[in-house]
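This is the structure I have questions about; it appears just below.
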C-alpha cells in the first residue's frame, strides 16, 4: 500500500515493540509495558495483536487470522485484509500451513509446531484486574509473586458453587513464577498452552502491555489438590464432522429449543470432513 | 436439510461499507457538504475534534467530521490514527499564552484589570431560543471592529503574584513525557496528567470537574482567567540553533485560582488548576483546570478520596478513543466464551438440583 | 573510515529477518540462528552482531561499547543513531568481546525486570568448544550448549545472574553470520 511502511508501522515503532517482545520472551508471563500506538482499528478490536503481528511479520510468512476459532468472522476478515493490504503477505485458513496465527478467543485444535508463532489479542492483560482495580497495586503483587488474592477468589467459588466459576480467561501460572491472563480463550484451551512447541505472544494495545510464553514452557491452570482444574465442552459430537474432541459452538436452529453443535475451529472441521468424516447434520465431502 | 456453516464475512464487510457510503451522502438531491463549509461553519466541532484527536489541522478535522457523519469521537479517532503515522520533527518551545492575540478574555476574580474584560464571540449571554433566521440563511449583522494593533495582555495570576499570593509556575524540567510514545506509568507527573486531560473526552472531564463542585474533592475554584486567541508556535531546529515561528494556533486557556495551601510556618498561597486546549473550547478548558487541581490533592497534602482526585482513575479513563473501542468491542462475537459460560452454568445447575434432591431424600 | 561501509541493504526487511533470528534464538536458547548475512560492518563487528545492533538499537536506547569496538562507533552512530552510554552500568545494550562483569549491569527491578540489560557478546565459535548443560523455558529437554569464548567459570557467573530472576541480564552470543541467545530464565550447569 503506497504511503505506508511494510506492515503499516514505522520502523522505530517496530524496534520498540521488538525490544519489548524479546524481554517478554526472556521473562515468561511478565507483562512488559510498551508504547502502544493508535492503530487504524479501534482499541479492543485487536490493536495489540495487530501491533505484535506487524512487528514480527515478514514477506516469507503465511498468516492465518481467526476470531472465535473461525477464519470467516468479520473481525478476522478485517484484520487479515489489513495485513494483506499493508504487507502483501500470503494468507491461509489452514492451521498447518500458517507460520503466524493471530487469534481472538481460541487456540486451534490442531497441535501447533515449533516453526509457528501464535499471537493472541488481549483485552485485559492483568489477571488480577477483577480483584484489584489499581494497576499500581497489581504491579506490586506481580513483583512480589503475591497471588494469595486469586487463590482466595477461586476457593470462595468452590465453597459457594462447588467448583470454580471461571469458564474463560482462566488464570494460569507461567514457569512457576507469573500469574498470567491467557486472554479470553475458553478454559478448554488452557491445557494447549502447557509445553506448546510454538512461541506464544500476547498483545494488549489499549492496556499497552506485551507478554510471551516461549516454546516448551510450563503453564499451569490454577487449581487445588482437592479440586483439580478440569475443562468443559458441550457434551456432543460436531454436527458437521462428527468430532467428539473439539470445542463446539451452539447454534440455535429454531425457536423451540432446537440446537446444533458444530466445531468452533472451522479449519479443524473442514480438515476432518476432507478425510471423510461426516456428522449427523453434515454432507459427505 | 443439511446445515451449512455461516460464511461470507468478506462480502458482508464490503456491502456494509458501500451502504455506509450511501448513508453518509444522504439524499443526493441535497447539495454535498464541502469540508470548507464544515471548517468555517462548524468551528466548535472542528475544535473539539482537533483537541481530542490531538492534531491541530482544521482542514483534516473537517474532513474527519464529514467522513464520520458528524460523530465527533469517530472523527477524533480518524485524526488520531492519521497522527500516529506522522514523523516527529521536533518539540516546540512552550507556547507563550501571555503573548496571545486575545479575542476573548474574562476574569471572575477582579472587576477590572489591565487588558480589561473582553467578551468576544461567546454564547454566554445568548438566550437559548432557536433562531429561525439562521435556518433561512439570513446574513448576520456586522459586529463592531476590534482594535487592530496587537497588544499583549498580562495574565491575571501575575497580578496576584505581585503580592506572592499565588503559587508560581515551576520551571519545566527537560522534555515533557509523551504518552503517545511511552506507556503510562504511575505515579504520573503533572506533564503526563495535563497531556492526558488535554486529549481527554470533554464529557468525561466535564462530569469529573462537576463532581468536584458538588463536594467530591472540592477545591473552592474561582476563574482567575479564561482567554481565547491565537498564539504563535516556535521551535528551534538543531541545524539553525535559533527559534523560528512556524505558525499560529487557536487556544483556550483557563487558569483557576483555588483554595490556599500553607500553614503557620509556610505562608499560605492560592493554588492553581490549569487547562489548555486546541481551538475555542471553554467548557473543556475549565473542566480540565478543575480536574488538574483535584489531581494535585496528594501533592498539596489533601486527602485523596474522590474519583477526580484519583490520578490513576482519571488518567486511565479519560481517553474517549480507548473508552469507545473497549465499550464497543462488546459487540464483537463472544460466543466462544459465552458457550463456556453456558456449559458452566448448566453444570452448576445440575449439581445444585442433585444436592437439593439428595437433601430432600434425607 | 567506517562510515563508507553500508548498513542494511533493505532497512525494513533485513531488520525483520534479523529480529526473527533473535526471537527464535531467545525462544529456543542455545540454538544457532543465521543473522546479518551479506552485511559488511566495520571491524571488529561481526555481521551478526552488527545486524542485531541495527535491528534493536535507535535513538530511544543507550548502547555501551567495549573499547575494542571503538572503530565501529561512527558507523553505529550513523546507521543506528543510538546514543552511547558513558558506562556499561547505564546501558540498555552492551557490546562486548569478552564476557563483562555482569554485577554492575542493569538488572531491572521486581516491578520492571524488563529494564535489565542485553549483553551482545562476540565469541570465537558457537556449536564447538566448552560444553554446558542448559535447561529452562524454550527447551523441551535439557540441551548442550557449546561455545568457544566464554569463561571457564561461566556456569557460576550465570547462576548468580539467574538467581536474581525475574531480574537479570540477557545474553546474545555472536560469531560471523550466526548468533545464539541465553535469556535470564535459563539454567546453566557444568557437565
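Think of it as A, B and C in the order they're written, each chain with its own count starting at 1.
By our rule, a residue touches a chain if its C-beta (ideal position, glycine included) is under 8 Å from a C-beta of that chain, and two chains touch if they have at least 3 such contacts.
Predicted, not measured: the structure shown is a model, and the values here were computed from it.
Trainee: Name the chain with the Cα centroid closest to the overall protein Cα centroid.
Mentor: So the chain sitting closest to the middle is A.
Trainee: What chain lies farthest away from subunit C once each centre is taken as the mean of the Cα atoms?
Mentor: B
Trainee: Between subunit A and subunit B, what distance separates the C-alpha centroids? Give it in angstrom.
Mentor: So the centroids are 34 Å from each other.
Trainee: Between subunit B and subunit C, what's the gap in Å when you average each chain's C-alpha atoms?
Mentor: 44
Trainee: On subunit A, where are the residues touching two or more other chains?
Mentor: Correct list: 33.
Trainee: Could you tell me which residues belong to subunit B and also touch two or more other chains?
Mentor: If we look for residues of subunit B contacting two or more partner chains, we find none.
Trainee: I need the residues of subunit C touching at least two other chains; which ones are they?
Mentor: Not one residue in subunit C touches at least two other chains.
Trainee: Under the stated contact criterion, what part of subunit A meets subunit C in this complex?
Mentor: Going by the criterion above, the answer is residues 5-6, 11-12, 14-16, 18-28, 30, 32-33, 55-59, 114, 139-140, 142-144, 175, 177-178, 195, 197, 199, 213-218.
Trainee: Would you pull the subunit B residues touching subunit A in the complex into a rising list?
Mentor: 2-3, 5-10, 12-13, 77, 80-81, 83-85, 87, 180-187, 312, 316, 321-322, 324-329, 332-337, 339-344, 347-348, 351, 355
Trainee: Would you pull the subunit C residues touching subunit A in the complex into a rising list?
Mentor: Against subunit A, subunit C makes touches at 11-13, 15-17, 19-20, 22-23, 26-28, 55-61, 109-114, 116, 118, 137-140, 165-166, 170, 183-185.
Trainee: Along subunit A, where are the residues that touch subunit B in the complex?
Mentor: 4, 8, 10, 33-40, 42-45, 47, 67-69, 72-78, 81, 104-106, 123, 134-136, 161-163, 165, 167-169, 184-188, 206, 208-209, 232-234, 239-240, 247-251, 253, 260, 262, 264, 266, 269, 281-283
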